[in-house]
Each structure stands twice: as C-alpha cells, then as structure tokens.
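Shared chain: subunit A. Partners: subunit B in the first complex, subunit C in the second.
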Partner chain A sequence: MRLAWRGTELWLLLPLLLLVPLGFVITHVAESQVLEPGPLGLATAYVALVLAAHLVLVLSGHRGDQLLLPLVATIGAIGIVMLNRLPGGTSLLGLNIGLAVTQVAWFGIGLIAMLAVAIGFRDDGLLRHYKYTWAAGGVALLVFTILFGTEINGARLWIYIGPIGFQPGEFIKIVLVIFIAGYLAENRALLAGASYRIGPISVPPLPYLLPMLAIFFGVMLVVAVSNDLGTALLFFGIFLTMLFVATGRRSYVLIGLLLFVTGSYVAYRLFAHVRLRVDVWLDPFADPSGAGYQIVHALYAFGRGGLFGDGLGRGLLPTVPGFFAIQTDFIFTAIAEELGLVGAFALLAFAVFLVFRGLRVAVLARDEFSSLLAVGLTTSIGLQTLIIVAGNAKLIPLTGITFPFLSYGGSSILASFLIIGLLLSISHRAAAEGDQVPR
Partner chain B sequence: MTGDALRILLLGAQLGFLLLLYLILFGFARSLVRDLRSAEHAQLASRTGIGRLAVLESPEDEPPQGRTISLGPINSIGRNVNNTIYVEDEFASANHAMLTFRGRSWFVEDQGSTNGTLVNGHRIDRPVALSYGDEISVGRVRMRLER
Partner chain C sequence: MIVTNARRLGLYLLLSFALVSGGLAYWQVVDAQQLASRPDNPEVIAARRSAPRGSIFDATGKLLASTAISAGLARRTYTDAAFTHLLGYASLRFGATGLEQAFDDVLSGRSDPNPLRDILDKALSRPPEPKDLSLTLDQRLQDFVAKQLGASVGAIVALDPRTGALLAMTSTPTFDATPISGDPNSAGGAMTRLQSAADRPLIDRARQGSYTPGSVMKVFTAAAALDAGAITPETTFPDQPKEETQGFTVQGFRITEHDLGQGVQPALWPLSPAMQVSSNIFFAHVGLKLGAERFLEYARRFGFCAPLQIGDSPNALPVGTSYVTARASGGGCTPFADDVELASASFGQAQVHVTPLQMALVAATIANGGVMPHPYAVADVRAHAAGAQRSDAVVQRYSGGGGSQLVGGQVADEVRKAMVDAVQAPLGSLYAGAAAVRLYGVSGVDTAGKTGTAQRGGNLAPHSWFIGFAPAQGGGTPSIAVAVLIEGGGPGSGNAAPIGGRVMAEWLRLQSASGG
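What follows is the complex of A and B.
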C-alpha cells in the first residue's frame, strides 16, 4: 500500500504535546500548592495514542480528511485534563483507577475502532444494501435494553455484561442514521418530486414515507418510554435534518416542527418527569436545594468562571456536595468554570469546526448515500453538543446526553469514534475517486 | 516559594494555556480557510468552457433565477423543452433564438420569434456579435453572457 503524507494532520496534532502536559502540570500545582510537575504518564499516554493513530493512517495510505482527527483529539485533550482532577473512578484489584485513566483507555479502544472503520470500509454496500437488517438489529437492541437493561437515574439505558456496562442508545443512533441515509438515497427522487395538492397545500407523498416513518416513530416511542428525552430530541433532530437535506422541502421541516411542538406539549401533560424537567428549567430557584440543585450550582459555576476562569484545578463545582454527573452531563460547565468564557468559546469553536468539516465531507462525497450518511453523522455530533451545552447553560431543559469526545463514558467515546471512522472512510473514497474530476 | 508568587505563576500558566488553545484554534482556522481557497481554485480551473450565461431575471424561475448555465458551442433558446436552454415564459417562442460560438466570439440570432430577442435592451434583426457582459432578453427572461 502507498504511503500518504498527512502533513496538516501532524502539524495540528503537535501542539497537543504541549497542551496536555501543561494542563496536567497547572492542575497538579494548583491542587498541591507545590511547584513540581507531578505525574505526566497519563498525558504522555494520551498524546502517544493519538500520534500512533496518525501514524497508522499515514502507513495505510489513507487520504481522508486531515482535520477530523486533530479536532477530536483537541476536544478530547481538554476533557482528559478536566477528568484528571475530578474525584471518582472505579477500583480494580484494590487499586483506585481515576476517571481520566479509564477515559484514556477508552480513547485507545475508540481510536482502534475508528482506524478499523476508516481503513476497513472500502465499500459501503454492506451498509447500504442491508439497511433493513441494520434497522431491525437496532430496534432489537433497543427492546432488549428496555426489557433487561439496568436503570440508572430514572432512565433504563444500560446493559451490563459482568462489570462492564454500555449504552446501546449511542450505537442505535449510528444504525438509525445508516438506515435513514439508505432509505432516503433510494427513494429521494420520489420524496422530493411527487406530491399531492389539496387546495394550496402540497401534501408529501405519504406512501413512500411510511416505511421510514414507521421505523422512526417506533424508535422514538421506545426511547420516550424509557425516559431518555435527550436521545429522543437528538434522534428527531437528525431525522428532520436528513429529510430536509435529501429532499430540499421546507414543508417537511414545518410539519416536523409542528409535530415536535405538539409532542412536547403532550409529553409535558402526560409524564411527570418531563414536567419536572421543564419546571426546573423555567425556575430552578423555586427549589434550589431539591430539584433545581444541579442547575443552580451549574449557573453559579458559570458565573464564578467569568471571562478567564478560576484556573485549572481551582474550580469549586467538583467540591459541591451531592452534585453528581459532572464527568458526563456537566463537564462543559466544569470547564467553563476553570477556563472561563474564553476557554468555553474555544471549546465550542472546535466543535463547530468539527461540524463544518463533517459537512464538507458530505459535500465532497461521491454518491448520495455517502453524502446523506455524512450529513446524518455530522448532525448527530453537532446536535448532541448543542443539546448538552444549551442544557448546561439553562437555555433548554437539561437532558442527560454526552458532549462527544469530552464527556466521560466508554459507549459515547466509542460511538463517536465510529462516526469519525465512517466520515474518514467516506472522505477517503471521495479523494481516491475524485482525482480526475474536480467538483 | 510564597503563596503569592505561586498564585501569580499559576495565573500566568493559566493564561498561557488559554493562549495555546487559541493558537491551536487559529491553526485550524487557517487550514479551513486554505481548503476553502483551494476549492475555489479547483472550481475556477474546471471552468474550461467557452462561456456561461447568468440568469438575471426569470419570472417563472425556469431557468432558475441566479443560476449560471455553462454553454457549449451551439445553444438553442426557447419554450420548446428540446432546446439547449429551455425557457418557461409565455412571452418566449418555441424556438426563440440561437446562441453560437464561432471562431473567437459569441453570436446571437433571432429565430423568427414573436416578441423578438433583445441585446442590451435593443431588438435585433440579424446575427449580432456579443461580448462578455452583454445582456440577452428572451421573453421576460434576462441573461448575461459571462466568461
């Protein structure tokens, strides 16, 4: 196989050699009040893993997008620096293993999965032709989770095999995107073209939409019943975006938004836990020591952070008694407290660049399926970031969802890396085929 | 080392961390912009054609207003769908005009249309040589010849 020199990627990865150790040293000095570097093994391991992944891409002659890996690695680096100082972790054989150690291990696994997908997927027929199989598998996994899953924090999202738990929702997301992309690519012309007119309103061709709608609303129903509101919102957003991109019809978006508003209202009326979330969002200070506790303290943390932040290792959020799920749901808040508005903006900018790059992959893709797949996968990363950040900042009701590559959690990291792997493989194919004809 | 000195050192390191973060961000932004520029160049290079028509005004939106049509050496314009450039306008004739590239320049010729073909607002009665930037009107559709 031919080598492919990935200069831009290497150049953008090199600053991590300084950034991650610097973050670790600042945290250590701030916490111990002693001027010494502290342990740097973990920081080194993280950067080494990322550089190794780069090397594998070079050796395999991969010609995919060169900004995806550095962007992901930079977001992940900020996460590792933060997780390194958070309390908690698991104990294994009497040894306490911190969150950051587990996270770096998951990054290793995720990077391997990304490389396998990026290099292994030379042909997308496996995804495209078996879309119903994929969808059925996803639905089966979902139902299995509902029946046999473990309930944590009021939502049944986890499957435990021995001590290792994973969240099938993260993978169902990818499967759903594959299915929708396959279906839309096959029926796009019908969906975009044909329509029945009833008076001035043009009605979308429902018969062609039905198979997709059936599967989609089945998934939505199951997700909603399992109390996973963030995921339901995410799936709905991905679905609408892909439908709009494929057909270019604003009426779909309009109908979708209408359905969303109605559905939200019905859910608010019917389910107590939805009402609680919304009420807490509207006025967290009504019950600051009870239901509003998390939000109130998150808002205080944003305020304490100010413009330039309290400083790494000096944030107070991890010391707030009874404040849980910093490492997953509130990691953005914790970072905003320690790095301030300036740092939080940088983080969001990296996320925006990632979305921009993903959409570029979609534009340059050679066929409709790849293009729609890239759009759906990118939307999932972008929307997920948007939903959790907006939830942290009390812009929308808080829903338990992860910040891709930043939040702690094996399933989230692995699924996000699978997405990057797919984007890399799509852009590689576009680059390999597109030598002759620029588009 | 006193507490104050340590605090100042930490503050400096913190600002350094943020600065580094923004330098990385700047690096990404530069790569993004460079890619956009090269995409533009690729697009420019692919315009090997002899000319294009920019649709300035199109009441029925066929050809779509704002669209640029790349031209071959011989182009027929009219309301008949078999024309190279199909114009959906009730003021256009079925076979309205011919736009041809001969030798080194563009020519437009009316094909006996009912409402005539206009070049820069003047009705033509014989083949007229065009230069890039000239406006052609077929029915209510206005188009500009571009390189």
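What follows is the complex of A and C.
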C-alpha cells in the first residue's frame, strides 16, 4: 500500500499542539490562582491520540477529506478543556475518573472506530444491499430500549450493561440514514418523477412512499413515547432533508413540516411533560427557581459572557448550585460565557465548516447512494448542533441532545466518529476512483 | 441533481446557523445588561457572596445581626431569634426579607442615605460602604415579650404612642435565620424544613397575619361614632337591656349577646359600662347609628382597607392590609353588604380581618389624643463598626412624631376613660375576672385596655386579643401601647390581657430603672 502524504491535515492539526496545553494551563491558573502550568498529561494524551490517527491515515494511504479530522479535533479540544474543570465523572474500581479523562478515553475509542470504518469500508455493498436488515436492526434496538431501557431525566434512552450505559438513539440515527439513503437511491427516479397532484401540491406515488412513511412514522411514534423530543426532531429533520436532496421537491419538505407542526401540537395537547417543556420555553422567568431554572441560568450565562466573554476558566455557570447538565446539554452555553459571542461564533464556524466539508464529500461522491449517505450523515451532525444550540439560546424548547464532539458522552462521541469514518471512506473512494477514471 | 440540491441544502443550513447566531447575539449583547441586573443572577449573588454588610443593633447598642467573611464567603449571623421576623434574613440563596430587605441598599452600602454623598459616590464609583442600623426596639423588652408568648402561636406589637417608635414586635413560632443566611449549599435544607413546618414559622404574624379582631374593634367603633357625633358618652339605646337576653333582630337576623359572665345583670348601659362588659348589642346599635358610609370612612382614616408600612420609602417595611368588609377585587374594602354585616363589624366580627400592628395603632391613636403615630423601627443609621460595639458616628437619624388627627382630642379622652374603666372599674373587673390586666399594672399607674375573644366559627377555639396602653391617667400621654394576639387562645381576658398587662408593666419598670 502506498503512503498518502496528508499535508493539509497535518498543518491544521499542528496548532492543537500549542492550543490544547494552553487551554489547560489557562483554566488551571484561573482556578488555582497560582501561576504554574498544572498537570498536562491529559492534554498531551489528547493531542497524541489525534496525531496518531493522522499517522494511521497516512500509513494506510488514505485519501479521504483532510479537513474533517482537524475540525473534529478542534471542537473536541474545546470541549475537553471545559470538561477538565467540571466536577463529576465515573467511578471505576473505587477510583474516581474525571469527566475529561473519560472523554479522552472515548475519543481514543472513537478514533479507532473512525479509522476502522474509514480504512475498512472499501465497499458500500454491505450498507446498500442490506438496508432492510439495517432498518430492522435499528427498529429492534429501539424497541429493546423502550422495553428494557433505563429512564434518566424523564426520557428512556439508555441501555445499561453492567455499569456501562449507552444511548442506542445515537446509533439508530446512523442506521436510519443508511436505510433512507439506500431506499432513496433505489427509488429516487420514481419518487421524483411521476406524482399525483392534489391541488397545488404534488404527492409522490403511494406504493413507493408508503413503506417508507410507515417505517418512519413507526420510529417517530416510538421516539415520542419514549419522551425524547430532541431525537424525534432530529430524525424527522434528517428524513426531510434527505428526501429534499434526493427529489428536489420543496413541497415534500413543506408537507413534512406541516405534519411535524401538527404532530407537535397534538403532543402539546396530549402530554403534560410536553406542555411543561413548551411553557417553560415560552416564559422561563415565570418559575425561575423551579422549572425554568436551567434555561434562566443559561440565559444569564450568555448575558455574562457578552461580546468577549468572562475569560477561559472564569465562567460562573459551573458554580450555579443545582445546575447539573453542563457537560451534556449546556456545554455550548458554558463556552459562550467564557469566550463570549466571539468564541461562540468561532465554535459555530467550526461546525459550519464541518457541514460544508461533509456536503463537499456528498457532491464529489461517485454514486447516488454514497452522495445521499454523505448528505444524511452531514445533516445529522449539522441539525444536531443547530437543535442543541437553539435550545440553549431559548429559540426552541430545550431538548436533551448532544453537541457533536463537544458534549460529554461515550455514545455521542463514538457515533459521531463513526459518521466521520463513513464520510472519510466515501471521499477516499471518490478520490481513488477519480484517479482511475479521470473526469 | 443531487449535487445541486446538496448545494442548496448547504445554503439553507448556513442560513439556519446565521439565525441561531442572531439569537445568541441577542442574549449576549442586546439583552445582556437587563439579564445582568436580575437578583438571582449568580453574578449578582457572587458579588454579594464576599461583600461586607452592615450590622444591626438594638436601641441600647446590643448586637443583633452581623456579617463575618471567612474563606471568601460572607456569613450573616443573628444573635436573637425574638427579632427574626422584624429583621428578616439576608441569604445568598434566597435573597432578603424584613428590615434586611427594606434597608438592603444601606446595609450593603450600595446607596448612601445622604442623597448628595450618594450622587458623589456613584459619580466617583467609590466602593460600597456598608452602614449599621440601630433599632427603636429594646432587646430586653423584645425578649420579655417573646417569653410571654412562649410556645403559643401569636404576635405582640408594642410601640411608643407619642412617636410611633416600635418598642417590641414579635411573632411566634420564630426560627433561627442564621442557617438560611450562611452557606448557600446547606441553606436549602434549612429553608425546606421551615417551609414545610405545620405552624408556618416563616410568616410574620404581627405584620402579615390576618385575624378576626372581635371586641378589640369596639375601641375603633366607639371613637368613630363619638367623633362623627352619632353618640355621646351618655347615649343609651332603650331596647338594649331587653335585647341582651332576647336578641337584637337586624333585617330578620337575630344578633345575640355573648356570655356576659357571672353576676353581670343587663341594664341600660351607656359607653363606659358597655365597654366594661363588652356588650355586642350596644355596639351593634352604635354601628348602625354611625351608618355604613361613615363607618367605612373612619376605617380608611384609621389605616384599614389599604396596606400600611413601617418607616418611610425607600426603606419602608410593608405591612398587610386590614379589612372591615370583604376584600375588593382591586384591593381595598367593598361596601357593606347589609346592616347585619355592619352591626357585626361594629363588634369586630363578620368580614373584619386585621393585622396585630393595625390594632396596636388603634390603641396608640387613642393614647396619643386622637393622633395616629407613624410606626418606625429603625432609630438611626451609623458608620459600620467591625465588632460588637456600635459606632457613635450617626449618619442619619429617624424620628417619629407628626401623624394626622384622626379623631378629636376630646373623643380620644372619652374612649380612654372607657378603656380604663374596662380594666379597673367594678363592672370591668367583674367581667374580666381574676386575671384582670390591672393585677399586672404598676402601682399608681392607670391602665387602659380592651379584650377581644374573636369567634372563628365551627369548633375552632376563638382568638385571644388585648389592646391597651399605660400610663393612662388623664392629662398625660401614655408611653406604651400594645396589641397582643394569641391564635386560638380562648377568651381575651384569660390569655392575651394578662400578657398585655405584664408587657406594659415590664416596659414601665425598665424605663423607671434607667430613668432613675
């Protein structure tokens, strides 16, 4: 196998050598009030892991997109600097392991998974031809979670095997994208072509749309029952986006949005927990020490941050008593407080770059299935980021989903790296085939 | 086609990110100032966490509340639970109540009582300079009062009728406010326990309680009717003796007399004996003669039907509204529904609901020649003293006095005489029984008073009331007026009146001890 010199990737990763330890030093000095570097083992380990992944890609002659890994590693680095000073963590063999240590370990596992997929998946037949099997597996996992899962914060989305819990939703998301991509690639012409018209709205031929909608609404129903609104919104968004890209019909998206709004309204009328969430969203200051506590303090944190922020390590959000979900739901807010609007915009800019690189992979892909797969995977990352940030900023009701690569959580990290692995593998094939058959 | 659509998708996602960024900019820049000024913002609380705060002393310079800063955390300590409701608490977690809230700007030093210095401080952005407070209350009397209430649920208010200076004001059950004001992490548990306690210790019954007054209201009815010219001290009602036994029918409703006590024979009573035996029939007639309009007008004059306050804004301590009729939807009192309600209100039943402080002010008004003093609790603001020794540098002194003439001096004198008789004259002694308040009076000092036994309906024990003042000789102005309320305490003469007598006697003793 030939080496592939990945110069852009290396150049973009080099700043991390300086920036990650610097972040650790600044937060340590801010916290201890002593001018000393503090422990840097974790920062070194993180940078080493990322560089090692780069090295493996080089050695395996991988020719996938060179911006994906640096973008992901930078977002992850900001998260780890923040997590390093938050209390909590997991207990293993009587030893308390901090959040950041656990997170770096998950990054290690995630990078290995990414490399395995990026290098190992040289043929997408496994995904394309067995899409119904994948879908069935996803549905089975979902049903299993609902029947046997553990409920945390009112939403049942965890499965515990011994002390280790994971969130199947993160992986079902990927399976959903694979299925939709496979189905759309197969039936795209039919879906986009002949259609019935009801008034000004064109409706796709039912025999092709029905099985898809059936499976999809089944998933939606189950997600709604498990009280995981964020995931429901994310799944629906991914579905509509992929349908739009495959068919180019805005009317499908409009119908879908209409359905979603109607469904949301029905859920609002039917379920007390949904009503509570929406009411808290509309006026969190009505009960600032009760139901509105989290969002009120998130808004205070944004306000304190202002344009340029309190400074790294000087945010007050981690000191708010009873505010527990920083590492998962509110890590973006904590960073916006410390780095200000400028830092928040920079973080969002990284996310936007990531989305654009993902869409570039889709555009350059050699076949429709790969394109749609890349679109779906990229959208899942982009929408997930939008939903959690908009929830933090009270633009939509708050939902408990993670900021990819930034939030704490093994399932989220692992699933997000699987997505990057798939994107790398798609772009590698496009580059390799491009050599053989010049366009 | 997929390529075109993917590019379009990129544009839509970019627009969505721009939209979210706009939302962030709103909170971080546009609305930031407004968010930063909210009191539960950790930024505001963090600034207070380590901020010094002025101490509070009693009238004689004994330390009641002080702040010590240890490990970067300001902890407020209170020395005497008898003062808890008046002082309130200054908590890092739950904000401030009571005087701690009313005088927060002074205690924290965020504003100087001197407006000129205040402007200078702000213009030069000088660091806040906390100030201390001295109360008008004397710890010796306050502790005595709290001990008198003991385990009963109730409230006592005592003030100087000449100035309005509060001498004692306590509410039971009380609690120690130090745990709430200390470590914010453990404050929550202490607060939860107080909030869930069945006897509701967090309520300041003296200021915020709302109780049926019963017969203590007759002092107001008499003063209003005399002042309006509806009655004179000699006025009698011919049917009253008969009605004492047979009942007084108003608009088809029969008002009956309460048990007048052994040995009391109904007779044609003018004001003084009617006050002594506390005849409901007599006062029902008085109220009807006064009329609904004038009754309400005098009630408003006396401070009913609107919220009161202790001290003056911007440092006023709010006091709940007392009502003589039902509560109107926009606040205040509704008109009387009918004559039955008016007749019942005249002896303090029906829809009459009052705060103990309001009734203390009614007593003080009679004591002060018909002028209602404005109550206040803080005597002066001083430079901050770090230790338990009060500074001598007075920044601002508050003084009472003033107040408006609610009823004529002659009228006040006539009511005073009836109230002295209610305690000391033969019928009054007979009615009040062995536990009469005069037993606790200081020798050579007349005592004026009126008991109340407020019926609550059902099987609930009546509230026990007493209002009074001393010394009550003609010509002089009394130096203390009190209101005593004991929830479900039974007859006023048996429970509240002896306590009222002891409190007044103790104050006169303390005064003569320090004066001589």
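Following the convention adopted for this analysis, the second predicted complex is superposed on the first by the 430 of 439 C-alpha atoms of A that agree within 3 Å, B and C clash if a C-alpha of one lies under 4 Å from a C-alpha of the other, contacts with A are read in each partner's own complex, and residues count from 1 in each chain.
The rule we apply is simple: contacts are C-beta pairs under 8 Å (C-beta built on N, C-alpha and C of every residue); 3 or more make two chains touch, one makes a residue touch a chain.
What you see is a predicted model; the values in this text were computed from it and never measured.
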Touching partner for A:15 - first (subunit B), second (subunit C), both, neither: first
First (subunit B), second (subunit C), both or neither touched by A:30: first
Partner chain in contact with A:288 - subunit B first, subunit C second, else both or neither: second
First (subunit B), second (subunit C), both or neither touched by A:70: first
Partner chain(s) touched by A:343 [first = subunit B, second = subunit C, both, neither]: first
Touching partner for A:148 - first (subunit B), second (subunit C), both, neither: neither
Subunit B versus subunit C as contact partner of A:311, first or second or both or neither: first
First (subunit B), second (subunit C), both or neither touched by A:356: both
Broader residue contact with subunit A after superposition on the shared chain, subunit B or subunit C: C
Set of subunit A residues, in rising order, touched by both subunit B and subunit C: 340, 356
Residue numbers on subunit C that touch subunit A, as the complex places them: 1-7, 9-10, 13-14, 16-17, 19-21, 23-29, 31-36, 38, 40-43, 46, 93, 184-185, 188
Subunit B - residues contacting subunit A, complex: 1, 3, 6, 9-11, 13-18, 20-25, 27-29, 31-32, 35, 42-43, 45-46
Subunit A to subunit C touching residues, read off their complex: 192, 241, 244-246, 248, 288-289, 296-297, 299-300, 302-307, 316-317, 319-321, 336, 340-341, 344-345, 348, 351-352, 355-356, 359, 362-363, 368, 371-372, 375, 379, 382, 386, 389-390, 393-395
Subunit A residues touching subunit B - in the complex, by the definition given at the top: 8, 11-12, 15, 18-19, 22-23, 25-26, 29-30, 33, 35, 66-67, 70-71, 74, 78, 308-309, 311-312, 314, 339-340, 342-343, 346, 349-350, 353, 356-357, 360, 438-439
